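Here chain A shows up in two complexes: once beside chain B, once beside chain C.
For the complex of A and B:
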């Protein structure tokens, strides 16, 4: 049983090892290796979760022979293990759902490189979840950024390259701010490991020395991570990136990459700076304000789009806004709601991107929302999956989106001076969500069942192309959504216990 | 009169003046600048330019008024943001601990142990190497993977495969080829200098890597020196000579072997460390060339990865191939 504490370390190393090996094999073999690796990570994370639940406390694991302030460390509790498990599930389903398109979108001979990127992305996400060291966090943020860039530009048309450049510039600004923040933190605390850095920060707060640098550090780290995860005024890279990348890349980028940064930010808030210090610095109010603006503006932009995937991408801007609004409430209930919404969004956005592409397949390659008319009848699985995803985003009961909106609303009640704004933003944003998502859902089911935009022969071939794995991934993600909606009590308990272990 | 002028022109002074006034090239007829002709390589200069205007074809700024205006606003806001950022950072610097004071927060038990017992614990005389390859080896593995993934991304963007069938890619391969034909080849100065310098650079790079645990240096710096040597050799002698010992196959084998060795060696070390097992790796006598346990091996791995990465970047940017 005690052997299980090695598993998080095995997961990270296995992912990196697979990435290195994949660079030397064929595309098909690389894909199988990746799928095997992600499945192994999934199983190991599940066992880690069992171990963490039984231990009831967080476990620190030395990466080397030297303890806390000297050597690297990883650390895992309930929440970390659960997030690793969840991210592995989403990663597996995204790869399964999009690989038939990846074969078409990627130049011949470079397919294995795409899976190298996915492997290293997985390792960096795991390391960002598990790390107990600020600089390890930064190194893996770097890997994550470069891997994401590669995933965007692997589809080498004009849009892909421009999107990759935009993403790279914005993301590097974010990394730069984060790095400056860490350097300053090291300058005033003298530590990079989270536990000693936390006690040094507490000392600083008690003594009142270096209060100004501490404030700047909190601002720099928050803004850096906000830029990287695409909070509203820094969202300009999102529509291009999610809208034109290959479907697997869109699903992974929207549902995992931006979430990894948010997890790291939450970790730094709780484990390094201390949540009370963050609250008293009023930085959270800024995050709250931008989150609320993002909720409204993202949805307004989404209504203006005609391209279906760009619309989903702008909806991501709004959903990231929800998460930051939850963090910005500055209460534990708000944080639980934010983490829950993070899970909701991860499941729903990957579902939407994969099923939207399933609808494109049967619509003669048209991508505008009117071009998808009747597509729900032509590809029934994709139509069903898209409808479930859209209803979940709108907040339909039984689906996960409803629970996260409910959690946000109840969390807002604890904060009298933010309550009215939060509730108003939730209502407006829900209405706007309903406008563009239901418009799309109605469109894909409108018209007579037999009506088609193109010849019957084309449709038959296209449905044959929509592989079994794509349908499997869509249905699995629908079930995941239902699970989060119906058994939310379990997940919320888990999150709240995990957050207690953070502090 | 004209006769004197002729003599002057052919005299050393005349030649000096002509060279000084930019009318004469001492390397005339001795350098092989190969100017392509249309028949040899049918290319269209517009093709090369078309790629540069990528952004304009994707987003037509001249036609889209809203995009143009938001572009202006964007520029102004960026400048304002930069100025604010600079102001805040400068204002904050005065509250930071003064530079180089003994009682600064960074002078704590962490650096004390690195300096005080680093030699006994890691076996490396060079503290920095001991720190990055033993105390914080996980971060350094991450850094090597950053280099690795950067090469992967450059390959995705720039590599052209020989067996390419897609006409669009064949055309792009052609475009890249036209760029290369203008480059000078067989430059005699470069060749003579590199005869002396390249062996020195290789030996010096190997020295830096192997002595990484004893003296300043290590895998990153030594690898960079070897990479520079490879690039210099390539510049002066061209691909036909370099490909005799360095192809994409060599690159793959070296970087794969180095990273896998690093991964397995450090996995073993992390596993034993975390489970409080004996690692059975002798540290040796500090100061000897064969000492400090895994650090020497890791330095060689990091050095190979860095050298390969530098060479790969250069050749991918120049040719899109190895």
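For the complex of A and C:
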């Protein structure tokens, strides 16, 4: 069993080497390699989760066997292993769901490069989840950014490149702030490994020296990560990027990329700075405020959109707001809610992007919401999947979105002075969510049958085109959503135990 | 503490922070893509200046064993320098990526002004 402790490191390396090998093979082979790699990571992460559950404590894996103040470490507990498993599932389903479109969207002969980017993305996400070293975290943040930028611009039209450059500029501002933040942290603590850095920070707080630098560090790191994950005032690139990328890329960008940064931020809060110190610095209040504004403004913008994918993209802005609001509550319950919502959003957004594509296929490629009239009858699987995703985002019972809203509401009750705002924001945001998601769901199931932009033959061809794997991915994501909604107790327990091990 | 004292006691750190601010505002506010990339490089270089300045201890040598001196107090810590090298690699690759994107955009829109590019793009969008 002790062999299993090597698996997280092996997962990261496997993903990276698959990327290198994929750059030299054909598109089809690269796709198969990627799918095999993600499946392998999935299995290995499941084994890691079993190992972490049995160990009942965080395991530190020394790379190169240099003990603590030196060397580089990987550390994993229940939550890390679970997140790796979960991300691998989402990644697998996103690739399965969108590969037939990737073939069309990507210039011939360059398809393998797309899978290189997915491999790099997977390795950087895993590294951000597992790493116990600040600078390694920074390096993988940059790898993640570059891979994401490549995924946006792989669709070779004007949109892709403009969206990519806007994404890059905002992202680099965020990583610049993050870099100067960890440099300052290294300066005041003298450590890059998270655990020794934590004892140094505790010493600083106890002595009362470096109070202002510590505050600046917390602000820089939080703002940097908030910009990178697209919190409200820094959200301008989100609709452009998610709305125009190829479906797999949209699903991965919205459900995984921004989450990786949030997890790294939570990890730094817990493991390096200490959550109590973060709370007493009041930075969380700012995150809370922006989170609440994002919840409302994101939904308002989403209502104003006519294009279905831009609408889903703006809804992401609101959902990121939910997550930051949960973090901003500054309690453990709030953090559990935030992590749970992170899982919910990952499952639901990839489901929405994948199933929305299934609906365009049967609507002459029209993407505005009226153009999708009646599409739910023409492609039943995609229609069902889209409805489940939309209802989950609105917070329909049995689905995951309901549980996360419930968790946010109960977490808010512990914080009397934030309770009213949180509850009000939840209610307003739910109503707004309902307006634009239900409008879309009603549209895809309304209109006379046969009153379609397409001819019957076209529809049959389109449904035949919507491949088996796309339908499989949609249904698997629906089931994942139901799992999170119906067996939430298991997941919440796991998150709660995992967060205890996080510190 | 007045500015002159700050300059006298922490010259490199102060300069690094000023440079960081300059680079940051260039990257955020300038409309010209090439200047944005220059801003990015100034910003990153400021961080490297900060790290090297903090990592150097006056009177010590680089950590390469010379003349048989094995006392660790004679040498500086190599980690900050290592971080700078890693950071340089990262910023070089990011700059290269941005420059290649800029070339693509210039070929398509014949301008380097990001606002104009976005306006053109919106027009194409509506058309």
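The rule is simple: the second predicted complex is superposed on the first by the 503 of 503 C-alpha atoms of A that agree within 3 Å, B and C clash if a C-alpha of one lies under 4 Å from a C-alpha of the other, contacts with A are read in each partner's own complex, and residues count from 1 in each chain.
FYI, a contact is a pair of C-beta atoms (placed from the backbone, for glycine too) under 8 Å apart; a residue touches a chain by one contact, two chains touch by 3 or more.
Just so it is clear, the structure is predicted and the values come from calculations on it, not from any experiment.
Look at A:107: by the touch rule set out above, it reaches chain B but stays clear of chain C. In the superposition on chain A, contact is made by A:149 with both chain B and chain C. Using the contact criterion defined above for the overlaid structures, shared-chain residue A:17 touches chain B, although it does not reach chain C.
Residue contacts after overlaying the shared chain place A:139 against chain B and chain C alike. When the two complexes are overlaid on their common chain A, residue A:176 makes contact with chain C while staying clear of chain B. Comparing chain C and chain B on the residues of chain A they touch gives the larger count to B. With both structures placed on the common chain, the touch criterion links A:200 to chain B but leaves chain C unconnected. In the superposition on the C-alpha atoms of chain A, the part of chain A touched by chain B in one complex and by chain C in the other spans residues 135, 139, 142, 146, 149, 153, 158-159, 161-162, 180, 186-187. By the touch criterion stated above, chain A contacts chain C in their complex at residues 135, 138-139, 142, 145-146, 149, 153, 158-159, 161-162, 164-166, 168-169, 172-173, 176-177, 179-180, 183, 186-187, 192. Contact residues on chain A toward chain B in their complex (touch as defined above): 5-6, 9, 13, 16-17, 19-21, 23-24, 61-66, 69-72, 107-110, 113-114, 116-117, 120, 123, 127, 133, 135-136, 139-140, 142-143, 146-147, 149-150, 153-154, 156, 158-159, 161-162, 180, 184, 186-191, 200, 210-213, 216, 219.
On the chain B side of its complex with chain A, the touching residues are 54-55, 57-59, 88-89, 91-92, 95-97, 104-110, 113-114, 121, 134-139, 141-143, 145-146, 148-150, 152-153, 155-157, 159, 161, 163-166, 169, 252, 255-256, 259-260, 263, 267, 269-275, 279.
Within the complex, the chain C residues that touch chain A are 20, 23-24, 27-28, 33, 36, 40, 43-44, 46-47, 50-51, 54, 79-80, 83, 86-87, 90, 93-94, 97-98, 101-102, 104-105, 108-109, 114, 117-118, 121, 124-125.
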